[in-house]
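Each of the next two complexes has chain A plus one more chain, namely chain B in the first and chain C in the second.
On to the complex of A and B.
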């Protein structure tokens, strides 16, 4: 009766069924099905498409965060970097380039550089990632207030507006962007030597170093990637929103870490996959939508959100004891 | 003997995870006598101390206090009975002051509150005994290692012990501090205190102690008066053992070409070392634990900063600037602490075996899982690692984990293998296999550097042995001159007949 479990295919199927990414996907599906019965309109195609579009921003921020967490660090500056991207883009408008591509590339180069500075602090100055990235976030917030002040800036960039609003073949451009990034991220994580080094560094940095893993350059790359994907998320959120303002990135700090952890990546590093972060991001957006449906006051919304995330983490199995 | 020993062990045995560490050992500490406890690393000295102080309970035999067996010896009971231990690893709290550390756990109280004035008086008295002049309010973290050791001793004296156990108290002391300690112990002996003294410095032992117990592989090989013995005799009692056929037949494969050659090399504790490592030889690194041997290997490997006047490493004319560079030069390193430094326990055996490959391949090169599996299968077959290679490395036994830590370098054909105590905690069969591998490696014209705390291993496996003491190579023993006695006496400086001054 259990003979199929003995076959290679059967064993592989079992592994997938028991994996955390699959579990997260199952939870998302269950929540969607139940919610669409309870609340009219929740299960409509347009609404679900909208949820995935929102999840794309979290998914992009969490892509870099997943790299950083797997390599044994954490990036607390992602929210500030999203804001930097969304606020500085409208300020860069070159008449010479009607597409707006140069401005976008310039902003992505800027956010990647910010990430690389984080990496320098962690790898060479040996500052703890939490301190380094938190200090960076505080620094950037101060800088943004000086540059942009309290006012919102409107984006006149055609490319940004296209990314935020176009729907080629009925699919939002932001979601397409997320799909493309996901494919690259998953390939880099699981199919390259670079990816293998990250897992080794996160699981045991000392053993990784003694095995010849180039610690400094890998750390630099990881935080650079996080800066890049956060910058990309900033471009997307600016396009969807039309305006950038200081504080626009704030929700994405907790959201990115929660998506990573809900997706089964160990917060201690060394174990995990972006394949779990993707449904993790969608699950987060779904929870937020459900809470809005409940029509609670903002205070209660926050309390519900926090409790639900804790509950889900307890449900899907806590960190197993290590070391 | 007329008086009953203050503290004694009668035929005690102890094993950890089925490995016997002590077998039927007896020791009796008499009042007014300094009793030396000698033995190589891993002979069971620390375990015996832990049994005497109640930190561990014996599997068999009994601990006696004042001639009466104690049913359940606990640290609390030991303290009550006046037994104080000065541990080798310091047990002080860096952020607390000298006085607070000395009184910790036995603070004087007044109306239920801590009586600081009384503590200061009593701590001062203990400090005066050991010659500590620092203000009592200085945090212990600000003191040098030697001064901390003195605080540790003052802490033991504060409890007014009847039995004082000192585990290598002088290993971090300066000559003056050692002299103060020696005089103090003489005085305490005169007051009728029983002292158990553990040290690797034989001249100290000869000068200070009256009686000696020697442990070897967990058994007692001598329990006698020190009168009429010399340092050489003690060394023979510590190492005399039958090596059996554990080691492969030794065959010369050494050439005259140097794989590694350094002049005035300094790294960590090592100072100004000249060393030539030849291709085709197994070079042993011996000495007591923690004399800088590990820094020698790590410095050559580029893992810690190192300086040198000149260096030639597999043709390159400088030390590697980092581990990746060292790997590129054909160096490979196998760490001592495989769980912490050698393996990724939560990752699969395959991933562990492939890590050096991931580290040196271009970062964005696509992996071939099929090729990885094939390579790992080949290594596993070659080294006799059985079972599913997708299991995490922590599922393997200690011996097999060590094999994985070694195997991961094999596909890269290193020219020089740096090994840090590769057989520590490894079963006999795996030891034999590792010895075979190392000899074959040397026979293939590669260089092997074997740092080992296991003296027989150095004698039977190596072409030459460099003995390290206090950051210097104090002896380079050629094959013909290799013996356990020669290594141990060089390691302890027994050939220098000077008294600790």
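On to the complex of A and C.
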């Protein structure tokens, strides 16, 4: 008559049930079930697929953000980097390459470089991440207006259009991209020594450095990854939209941070997982969709959005007191 | 007898201690002075009564939000809702002051809103133990939404005489700023004010020594809210009307000013005079770039570069040493 809790499998199941990512998944499931009863058509396969497709963009931005936050930093330039990617890609069109792959790679290299510059500022100049990335965002904002001149640019790139619109086997290509990135991110975070160093650095940077974690190169890598995934999100959002314009990335700053925190990652660093960020991103998109259903004025919509995030934080985002 | 002696001793210690607190910001003071001299040289209008009035008026709101951010950062907090609070203060002022409440009633409403929302934010952050950066980010949506509800598009009005008093050819802004700085000095002498630095520097140690840590932090949020909506009132008086998104730029600028002024992110490090000097430097930079004919776009680029440079260079020198 041993209780099921005592067995190894039972204990493992209990750990999963009590974990924060699972809590977020449960909230998403509950919201989806309630919403599909209340609002007709919400639970339809097409609508849910659309929600996940939208969540893919947030999920990609939040992938880099999760890395940065776990390593003890924060990246406030992700929105600007998404915009850089979505605006500069249409400007790069080479006739020689009919697939458009080179342009995409060039843009990803550019955004990764921007991320690396953030990392350089944080690691070598020791500027606080918040200041470094905010200043980078300000800088990019100015640069973008100089480059794009404030008008929308249409993407002629076939690869980008494919990513945004194709549905191999009924699943949007963007979602497939997200799944692939998620697998790589989770593996890098939890199954490599790089991942272990991240957690060590976020929990206690001094102890980590003294134990031989290369502070500078790890920080560089983390911000570089954030630049890369933000660039990828920019490509996806450009594909879905067809047009890039200054300001296209703006919603993704708050969304990425909220997804990370709602997924149970500590904003103080050293604690968390991308497995929580994934349902966090879906939850955010769901909230936004529900608010649109309510059909309120922009003021009320903004208030509802903020209040719901605050309420969810109360449910799942409490920081344990730790020193 | 001995108490008199010790209090006199404490009095004698006051100025040396204050001088010592200047050490970290001396370089900044020098840069600000250099900028001021350059500015006065480029635009001699600064030294006329109206030039001085205009200059302090353009600095005043930034000084207030820099103080609002600095108080929070001293206690180890931060707010990303500064801009939204400024907007809310502006729209409340613009919708109430010409109505039945009158100027006094409107100003009271602005002040109560600031203290109320600030205190509520503080309560959520401190008592419910949620991360300040995320709470205020979510709060900025709620507060910004409230501002949009009160005034969906720019409009409303501020009585003519109030605009003239605050933003006309009078040094009212400067006088107000001096008053606020004096009040800050007084506040630092109260029990809550004394607890401010302790609560930011070492909350656990302070708590064990009987310092009201939670009270000091919630009070800091409430004061910060009051300063923000006050800045909003002033901005509304400057423009003569309310605008639900007028404060947006203040969030970044308040953090930049506080950090330029040597306030640390971890709490307990920095001085208010530093934050004020930081805001003055930022304000000077913006006006000099404006007068030199930089486009707003180039201003963004330059501002980003200067902020990084100003923060990085002292840090870099410290690392080199």
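Here is the rule we use: the second predicted complex is superposed on the first by the 320 of 323 C-alpha atoms of A that agree within 3 Å, B and C clash if a C-alpha of one lies under 4 Å from a C-alpha of the other, contacts with A are read in each partner's own complex, and residues count from 1 in each chain.
One rule holds in what follows: contacts are C-beta pairs under 8 Å (C-beta built on N, C-alpha and C of every residue); 3 or more make two chains touch, one makes a residue touch a chain.
Everything quoted here is computed from the prediction, not taken from an experiment.
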{"item": "Superposition on chain A - do chain B and chain C clash or fit", "value": "clash"}
{"item": "First (chain B), second (chain C), both or neither touched by A:126", "value": "second"}
{"item": "Touching partner for A:184 - first (chain B), second (chain C), both, neither", "value": "neither"}
{"item": "Touching partner for A:207 - first (chain B), second (chain C), both, neither", "value": "first"}
{"item": "Touched partner set for A:306, first chain B, second chain C, both or neither", "value": "second"}
{"item": "Partner chain(s) touched by A:197 [first = chain B, second = chain C, both, neither]", "value": "first"}
{"item": "Chain B versus chain C as contact partner of A:261, first or second or both or neither", "value": "second"}
{"item": "Partner chain(s) touched by A:105 [first = chain B, second = chain C, both, neither]", "value": "neither"}
{"item": "Residues of chain A touched, compared between chain B and chain C (which is higher)", "value": "C"}
{"item": "Stretch of chain C penetrating chain B in the combined three-chain arrangement, among 4-12, 58-66 or 310-318", "value": "4-12"}
{"item": "Chain B and chain C footprints on chain A, overlapping residues", "value": "323"}
{"item": "Complex interface listing, chain A residues touching chain B", "value": "188, 191-197, 199-200, 203-204, 206-214, 218, 221, 270-271, 322-323"}
{"item": "Residue ranges of chain B in contact with chain A within the complex", "value": "301, 303, 322-324, 326-327, 333, 335, 340-347, 351, 354-367, 408"}
{"item": "Interfacial residue positions of chain C with respect to chain A in the complex", "value": "78, 124, 128-131, 133-135, 137-149, 152, 204, 252, 255-256, 259, 265, 297-305, 307-308, 311-312, 315-316, 318-319"}
{"item": "For the chain A and chain C complex, residues of the former touching the latter", "value": "74, 121, 125-128, 130-132, 134-143, 145-146, 254, 257-258, 261, 266-268, 297-307, 309-310, 313-314, 317-321, 323"}
